[in-house]
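Here come two complexes built around chain A, the first alongside chain B, the second alongside chain C.
And then the complex of A and B:
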């Protein structure tokens, strides 16, 4: 049984215009997203800015209330419907699903010392109610992420951004989760620190037996981290497959365009690889194009396909490789 | 920390000397002669001359400047022309009433405005929020002399629920039980003074909260599984209070103006009225003394606000 099952998740944001006659529009940030995530696995979610990756992460955790959809979390031999969870179930959800935010600067309360930032969930979720026991756990967590005892009493502003992200990770680990949603955990730290944080995450995944939902716009990073990769475009998943399959045999035109933009570290290949240049920009998510959302920029649109009219469904083209495109 | 306080107090001395000098010059530049004012339009010129001598007004200005300074250093702050008593005594007699009114005015404002601001921010764009905003807008726009008169007319005279003029003895105000029971008499002045303050504090709390609850660490606090009450009161409020504390500190100074008006409307014999009549009667020693006390209050409250920052916001290190 999969650890997390998400089906047909939708989150629309209301945009109101006008004073007297209100014009209601919806930004369809997440529009019918389904995926499953197994234990100890990493699912990478890639897509460009504004395609709904972060909203998806927050909605799965129910930090944003979705408009429709089903989220099922299978932990401790129980199957919890996250969106209908009562208070007791929600506490279990919070214990088992945690999140690391993109910006470690703003995601740590500037008024609290590290000790309390990490220790607070232990107290609230009644994992360790004795202060001394809690301090011991916090210290272990800090050592796990490469920080030490001397950092316990310090405040977030006294750390570098890499260290802050480590604190964010330690905090997520504190409750002993089965799944961590990593929302661009490395995008706000510089490249040399990125590698450290990524390696730390990999190491922690092995020792703690956790699954990751790894959200990023960086294909290289996602490939390095993920078992499976889902590509998002305008609020929808357009292709899902094992990481290697996505890189070896990308099917969706958008995925192929993304991959062709990936820089090759080996100068031998320079200039030999054909780059696909997409025309235009991402359409307005308030008025997504009818039919296939990608058809306005698609370079492989065929006249005999209903791209402009019909929305393509997800089809399993090869084993465990799903694509939403009329060409397949 | 101690070093910081000592440094600030040393600066305060320089500030006070400056304020003393400026007030002295300005006071003596005021048209009108204290002796003439006290004797009236048809006073005997001989008597006026005698009085000028007695008050030392016939001496050169620099002598008077030094003489006043000396009397301040001695602590008695000179003799009031009008009351013929040491200024300190005159102020001492009136200060408890004003302090009582001012403190309750601010307490009234804080107790109502901060919860109102929090609720408005948490329920942004609901009727409740709109009502809070409208309410504070109205409170801000009402002139306090008008509000005071309306309260007297309706509550004190019309309904007869409270006295028009508070009658509690100043000594009782600051006794333990008197502090609360005297509010019966002072409720209208306190509302008059507090409404304007409350309006501003509500708006400030609301907007500051709105800013903070959008921060990632608030989302994170929810992700931790904290109950909403803890998220708002512990994580959000403490961060949102920083600008509010500054505002409340400033209000302690601003209410001096409010106290003058409120005391005049309600006939309370406090510092505010003393200030106004002393200027009218050219009672120089009292005017200078009150200005200096006010200046010292400004310095002291700024210091207190700075110290509170250090407690509220760990990023602030006082040096």
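And then the complex of A and C:
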């Protein structure tokens, strides 16, 4: 049984224009997304800005209330329907599903010492109500993420951005989750520090037996971290496959364009790969193109296919390799 | 590729802040040849942008150039500015008035964020024309047709419509193209691009990089690419300078640098990036610690607290750049 099953998830944001005559529009940030995530696995979600990957992460955790869809989390053999969960079930969901945010600067309370930041979820979810016990757990967590006792009483501003991200990770770990949603966890740090954080995340995943939903715009980082990769474009997943398959045999034209645009850190490859340059820009998500959302920029659109009219569904083209494109 | 165009010698820049003196540049030196792409790479705070701002004479208060020379090799420049003598011009010695005539004309800048480098209350066409009338003495009619030609050269079509748009009406990629056309307007010898694609998505980035290289070829300029992304370095540059905490620690031809990096910092950086081509998913090599505080930088080699090779001499003596093989320089006691 999969740890997390998401099916046909939708999250629309309302935009109102006009003062007298209200004009209601919807930004379809997440528009019918389905995926499954197994225990101890990492699913990478990759896409460009505005594709809805961050909204997806927050909606899965119900930090944003989805408009429709089903989210099922399996906890110790028990299936919880996250969107219908009562208070008691929701508490269990929060214990099992945690999040690390993109910007550790704004996701840590500047007025709290590290000790309280990491201790807070332990207190709220009634895991350790005794202050001394809590302090012991916090210290263990800090050591786990490479910080120490001397950091307990310090405030977020006294840390570097890499260290702050470690604190965010320790806070997510505090409740002993089965799944952590990582939203661009290294986009605010430099490469040398990024490597430290990625290594830490991999080590923790092994020792704590956790699954990750790893959201990033950086294909190299996503490849490094993920077992499977889902590519998003304009609110939809367009391709899902094992990480190696995505790199060896990308099928969706958008995935191919994305991969070909990735600069490789080796000058010997220069000029040796064919670069696919996409025309135009990402369409307005208020008014996405009819049919396949990628058709306006697609370089493989065939006249005899219904790209402009019909939205392509996800099809399993090869074993465990799904793609939403009329060409397959 | 021609001879030297720009040479920076022993550049020292300090910022006198309330918290203390930030020793931002600690003797930076390298040169750029004409018609080449030179990449300056390093992490946040290493001084790559400050180096280029000093070249342009744009170091903001409370920064000050303490020492060094920025030599511009162009035979006509002395004549054009009406200064006597011979040999290269030291840009740091020019008066603000003279520097105004170099900036934008001989050296132009493409910044990271086109939204802040474009003026929001003028149309894009207006901003291109301003460069033409200021530096090339073109009249208004001539400026207009030249503006359209420039917009076409950066693939913004139809140019007339784009010229009438204000920056907020353009997408991020389009804005960066407008900035590129402004930087080309006065046919400079050198374009400095400071993280030109950092705010853009990879598919847009690919197009902007392609465009910059194409323009560089077509207009026969030199390009200095400032970036933190080694992928961009590998794909665009001819020669590379690696900066760390205010110094150039390695200087080399791009192929040699990636094939045989010499400085422990360069090696660390190269091994720290996930490289899908290598199909390696094990732990990445990381550089321990973080970038030092430049108010109180480490003595000797500024990299020594994070270096696994560090020994007594590294703690005491700052290593100078030495040529190890032809054109490949490194500042390390252990190479």
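FYI, the second predicted complex is superposed on the first by the 328 of 328 C-alpha atoms of A that agree within 3 Å, B and C clash if a C-alpha of one lies under 4 Å from a C-alpha of the other, contacts with A are read in each partner's own complex, and residues count from 1 in each chain.
In the analysis below, contacts are C-beta pairs under 8 Å (C-beta built on N, C-alpha and C of every residue); 3 or more make two chains touch, one makes a residue touch a chain.
Given the structure is predicted, the values throughout are model-derived calculations rather than measurements.
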{"item": "Combined model on chain A: chain C and chain B, fit or clash", "value": "fit"}
{"item": "First, second, both or neither for A:247, with chain B first and chain C second", "value": "second"}
{"item": "Per-residue contact with chain A, leading partner among chain C and chain B", "value": "C"}
{"item": "Partner chain in contact with A:191 - chain B first, chain C second, else both or neither", "value": "second"}
{"item": "Superposed arrangement, angle subtended at the Cα centre of chain A by chain B and chain C, nearest 10 degrees", "value": "80"}
{"item": "Partner chain in contact with A:233 - chain B first, chain C second, else both or neither", "value": "neither"}
{"item": "Distance of closest approach, chain C and chain B, by C-alpha atoms in Å", "value": "14"}
{"item": "On chain A, positions contacted by chain B and by chain C", "value": "none"}
{"item": "Residues of chain C touching chain A in the complex", "value": "43-44, 171, 173, 201-207, 209-210, 228-235, 254-255, 258-259, 268-277, 279, 281, 283-288, 290-291"}
{"item": "Partner chain A, residues of chain B touching it in the complex", "value": "215-217, 219-227, 230, 235, 238-239, 312-315"}
{"item": "Contacting residues of chain A [partner chain B, same complex]", "value": "58, 61, 63, 90-91, 94-95, 98-99, 101-103, 106-113, 120-121, 124-125, 155, 157, 171, 175"}
{"item": "Footprint of chain C on chain A - complex, ascending", "value": "48-49, 160, 162, 190-196, 198-199, 202-203, 217, 219-221, 223-224, 244, 247, 257-258, 260-270, 275, 277-278, 281-282"}
